[in-house]
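We just call them A, B, C and D in the order they show up, numbering each chain from 1.
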Amino acid sequence: MTTHTLESLNSASPADFTAALGDIFEHSPWVAEAVSAQRPFATLAALHEAMTQAVRTAPADAQLALIKAHPDLAGKAARAGTLTADSVSEQVSAGLDRLNEAEYSRFHELNNAYRAKFGFPFIVSVRRHTKDSILRQFERRLAHSAADERETAIAEIFRIAALRLDLRVQAPDKLKLSGRLSTHVLDVHAGKPAEGVGIELFEISDSGEARLLVRGVTNRDGRTDAPLIAERPVPIGIYELRFAVAPYYAARGLALADPPFLNVVPIRFAVSEPEGHYHVPLVMSPWSYSTYRGS
Amino acid sequence: MTTHTLESLNSASPADFTAALGDIFEHSPWVAEAVSAQRPFATLAALHEAMTQAVRTAPADAQLALIKAHPDLAGKAARAGTLTADSVSEQVSAGLDRLNEAEYSRFHELNNAYRAKFGFPFIVSVRRHTKDSILRQFERRLAHSAADERETAIAEIFRIAALRLDLRVQAPDKLKLSGRLSTHVLDVHAGKPAEGVGIELFEISDSGEARLLVRGVTNRDGRTDAPLIAERPVPIGIYELRFAVAPYYAARGLALADPPFLNVVPIRFAVSEPEGHYHVPLVMSPWSYSTYRGS
Amino acid sequence: MTTHTLESLNSASPADFTAALGDIFEHSPWVAEAVSAQRPFATLAALHEAMTQAVRTAPADAQLALIKAHPDLAGKAARAGTLTADSVSEQVSAGLDRLNEAEYSRFHELNNAYRAKFGFPFIVSVRRHTKDSILRQFERRLAHSAADERETAIAEIFRIAALRLDLRVQAPDKLKLSGRLSTHVLDVHAGKPAEGVGIELFEISDSGEARLLVRGVTNRDGRTDAPLIAERPVPIGIYELRFAVAPYYAARGLALADPPFLNVVPIRFAVSEPEGHYHVPLVMSPWSYSTYRGS
Amino acid sequence: MTTHTLESLNSASPADFTAALGDIFEHSPWVAEAVSAQRPFATLAALHEAMTQAVRTAPADAQLALIKAHPDLAGKAARAGTLTADSVSEQVSAGLDRLNEAEYSRFHELNNAYRAKFGFPFIVSVRRHTKDSILRQFERRLAHSAADERETAIAEIFRIAALRLDLRVQAPDKLKLSGRLSTHVLDVHAGKPAEGVGIELFEISDSGEARLLVRGVTNRDGRTDAPLIAERPVPIGIYELRFAVAPYYAARGLALADPPFLNVVPIRFAVSEPEGHYHVPLVMSPWSYSTYRGS
């Protein structure tokens, strides 16, 4: 993927501008074309706003064509390898390339049911979701009216476009697309931040499977050097943090119970706002802990 | 299993007394015989003390014979069905009847190694342990000296005898053999005990498998009507309590995040003192919780 | 004060029955008289219900006379020593005998304003209140309508009667008049109940003065041997528990910061339901603590 | 007080250099003079180190003269107005200008006893202490040996010099003299930082008096815009934070108990490391709270 500066896009020829941003909207370079004459754009937000405005003011059949230009999620095109590069990496981000046969069938059924009811594919900004959360959206949205779904599809397309712009264009401003997940370990036995606590972050599927996302160790301030997730949406879904409490206290020379009352402490929680800040601390002793949604 | 009152045992003929308590010590009715003349016993504790004293003052070869009278854990006798009734129910309590082939082999190896080193079987009061904790004991004790292991074997035999007496004899006193595991759910969003919270207690194996032990619902006081475990030792091992937090708040009409920040909250902890009181409360809101070893 | 059993009251002559319970309603033996023929009463609750029913069905002027039979709170009669014995001990319970001149004047003013507006004295069950809470009630109720205040006065008279019956009559049942205030100290540094923690309970006035009510020390279970307040209403008001945390840890040999981060920990809270159970625990380490309304 | 840059001091004439830093050590310009030839100093730390080295290598009688050049704390010189400007502002920082007669007498007695025993005045870096903590130091140090006290006096003089350098010289580096006291309010009822909570910080004297130091309100992130204390030592002493919890929840429209269970929540704690970071958060609901020493 080539990235551009906003500045270079502002001074590019109309043809180059459209070539650079033609796939921000799936198979629909006409959107880039429509805003080319409005250049220069002072900010990425202004560019995104102009593009969404071009879609909103386009005729209904052009909007519908845009919707229909999107591929099915985890559909035949994905298996056949005929997706756009953007769609591939988006579907990978939510694990749609790792479906088992049952899940693949479920998506297949839902895709068909959705197309049968609405006449266009199901569209969702998958970078904001885990696989289970996509399935839940799918089931809920199948119950909606056609008018509502057309509106929702357009809104999701705007979200997808924003995330694509954010990846492709360097600009002085950032679109408000990123959430953050962080933690902090406080040791109330010693009265200080806990340094050297092993931490693992898992994504938990509805069926209970745990998939390791990040592994880290707390620093002198009781935090990981970088947030666990940052600079992207935190996918809607269920997570589990696991903190290696007993190894930490054993390394400090404490005589623990055998086996220790607390060994690896799991904190299970869900993210519902992909653009939110989730701070999930652990305030612990060898015999107690607490957690809360912090900031 | 026939139970007796201490009173009736005190007034029984010597032969009946020995018949009633002949299997308190495995295949060793001589222990009961030896204390018969000391009757009456005012308490169960006095009876147990007299029996352990009879063993302690017996000749070394009688003690060794007593040790050797015990079966292997999860051994051939268990498979062949030739154990005493007491041994069967004890081994079942720790799940030794539910071993897979790998575990069965592991026990087989350890039994052989132990017998090869010490010349007698490995003895442990299995009602105080989970399967994993027995294996851990096994491995540790293999490294001990023969003298230490003879002492440990005798001490474990006394624990087994106490638990058998407790099951078989009704007396005014109770031996101190029982631990307790309980919980309590406080709702700090509403400022009262949380009524109607679903609770599950699992035993967690070293390999991470969860086996459901008890299921309950909190009452008006935020507690389960009965302790989760009581009137017996709480086996040394790892446990997980799971509290259905989101369903509780949803039933109270709260608008939760979607998915809710906290849904089923797991609290994982270990028991190291089978005769201890473990109170593991949950103090919760939809956005926070804490727990500690209480009493 | 003479106490009676419900049984003896049931079998007493009508005259003795009225003599025994003639002052349950202030200067109004007619209430006892009215229910004498309904004997026997199976429970204290039935007796109380019958007496309140007698008042409710009495003519309006009899009800008004009953209301007017009550003395002013902290009024001239109290200073002159002409109150009934019940009224004296009730007013003492809320500290109305310990007013300074400013407070005495405030009560005097409020009494006069209330009588001027409604034509009868202000009645409140003072055993359910602290002095500040009585003053707050006084000010609020002055703004009410006469009809509302007559109803409120009757309701308060029924509460007063219940508390008097409870003190005077021994019966198989208890009226639901009592609240409870208790605490519990858990040491999450050691993982057990904190034994030997000094505790003081203060009543805090609106002006910030602290009046010591109870002093205690935690036992092996981390509790005081008796609840801090029990078997009576917990007066509506503001309280402060003070826990001697640093002395506890110092006595256990811990090296604390100098001065210790936590020394005497104050927990300030209010009671709004005199018949409620207030359990206010302290879950502490040398570097942290938490509290909540428990049960 | 004139401030200088380290650069200008490095290029000043020896006489100007000594004039500028002559009072870093009380009435002892010889210390500045002694290091003048070692210029340039790359950092303030190097300058401080050189000056302390000059004192350490000076003859014993010069060291003693330096010690003796210091005034009594809260002594006659302070009352007479004959202190150096530095000493005045230092003694004011710890409230030594606000003593009542009893305290003044106590200092007078201790000054005399200390001089009588050791032959020189009691020296302590008062910016690191509250009045009560100075008195506690005074009493403890009176029991020490003369040799220990000479060493302690020199160490305190170095601390005083560092704080004076820090105020007077602008340099690329900062000496490690500053502590920090901050707070954070998390609302676990709503699951977010608590905005708009009134906070007061008091210094608490041994006799229980509370002196207001700072008043603030939490911002959108649940913090005060600036730390409560920063860029100076946090004086050793006892503090109380008061959080206006009930007004916060009432402003959010919650129906609270009457009176509210928690109204103004006091957190009382001590600072023992003036250069430490003290983060004292409040994690609260209308019915619970917790705090801990964070970072």
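To be clear about the criterion, contacts are C-beta pairs under 8 Å (C-beta built on N, C-alpha and C of every residue); 3 or more make two chains touch, one makes a residue touch a chain.
The shown structure was predicted, so the numbers you read here are calculated from the model rather than taken from an experiment.
Using the contact threshold fixed earlier, the set of chains in contact with both chain A and chain D is B, C. Here chain C and chain D face each other with the same set of residues for the most part; over half of the interface numbers are shared between them. Inter-chain spacing, taken between the CA centroids of chain A and chain C, is 58 Å.
With centres taken as mean Cα positions, chain C sits 48 Å from chain B. Residue positions of chain D with contacts to 2 or more other chains are 188, 191, 257, 261, 283, 285, 287-288, 290, 292-293. Across the complex, chain C meets chain B through its residues 186, 188, 191-193, 221-222, 283, 290, 292-295. By the touch criterion stated above, chain A contacts chain C in their complex at residues 188-191, 257, 261, 283, 285-288, 290.
Within the complex, the chain D residues that touch chain C are 133, 236-238, 257-266, 268-270, 272-273, 283, 285, 287-293.
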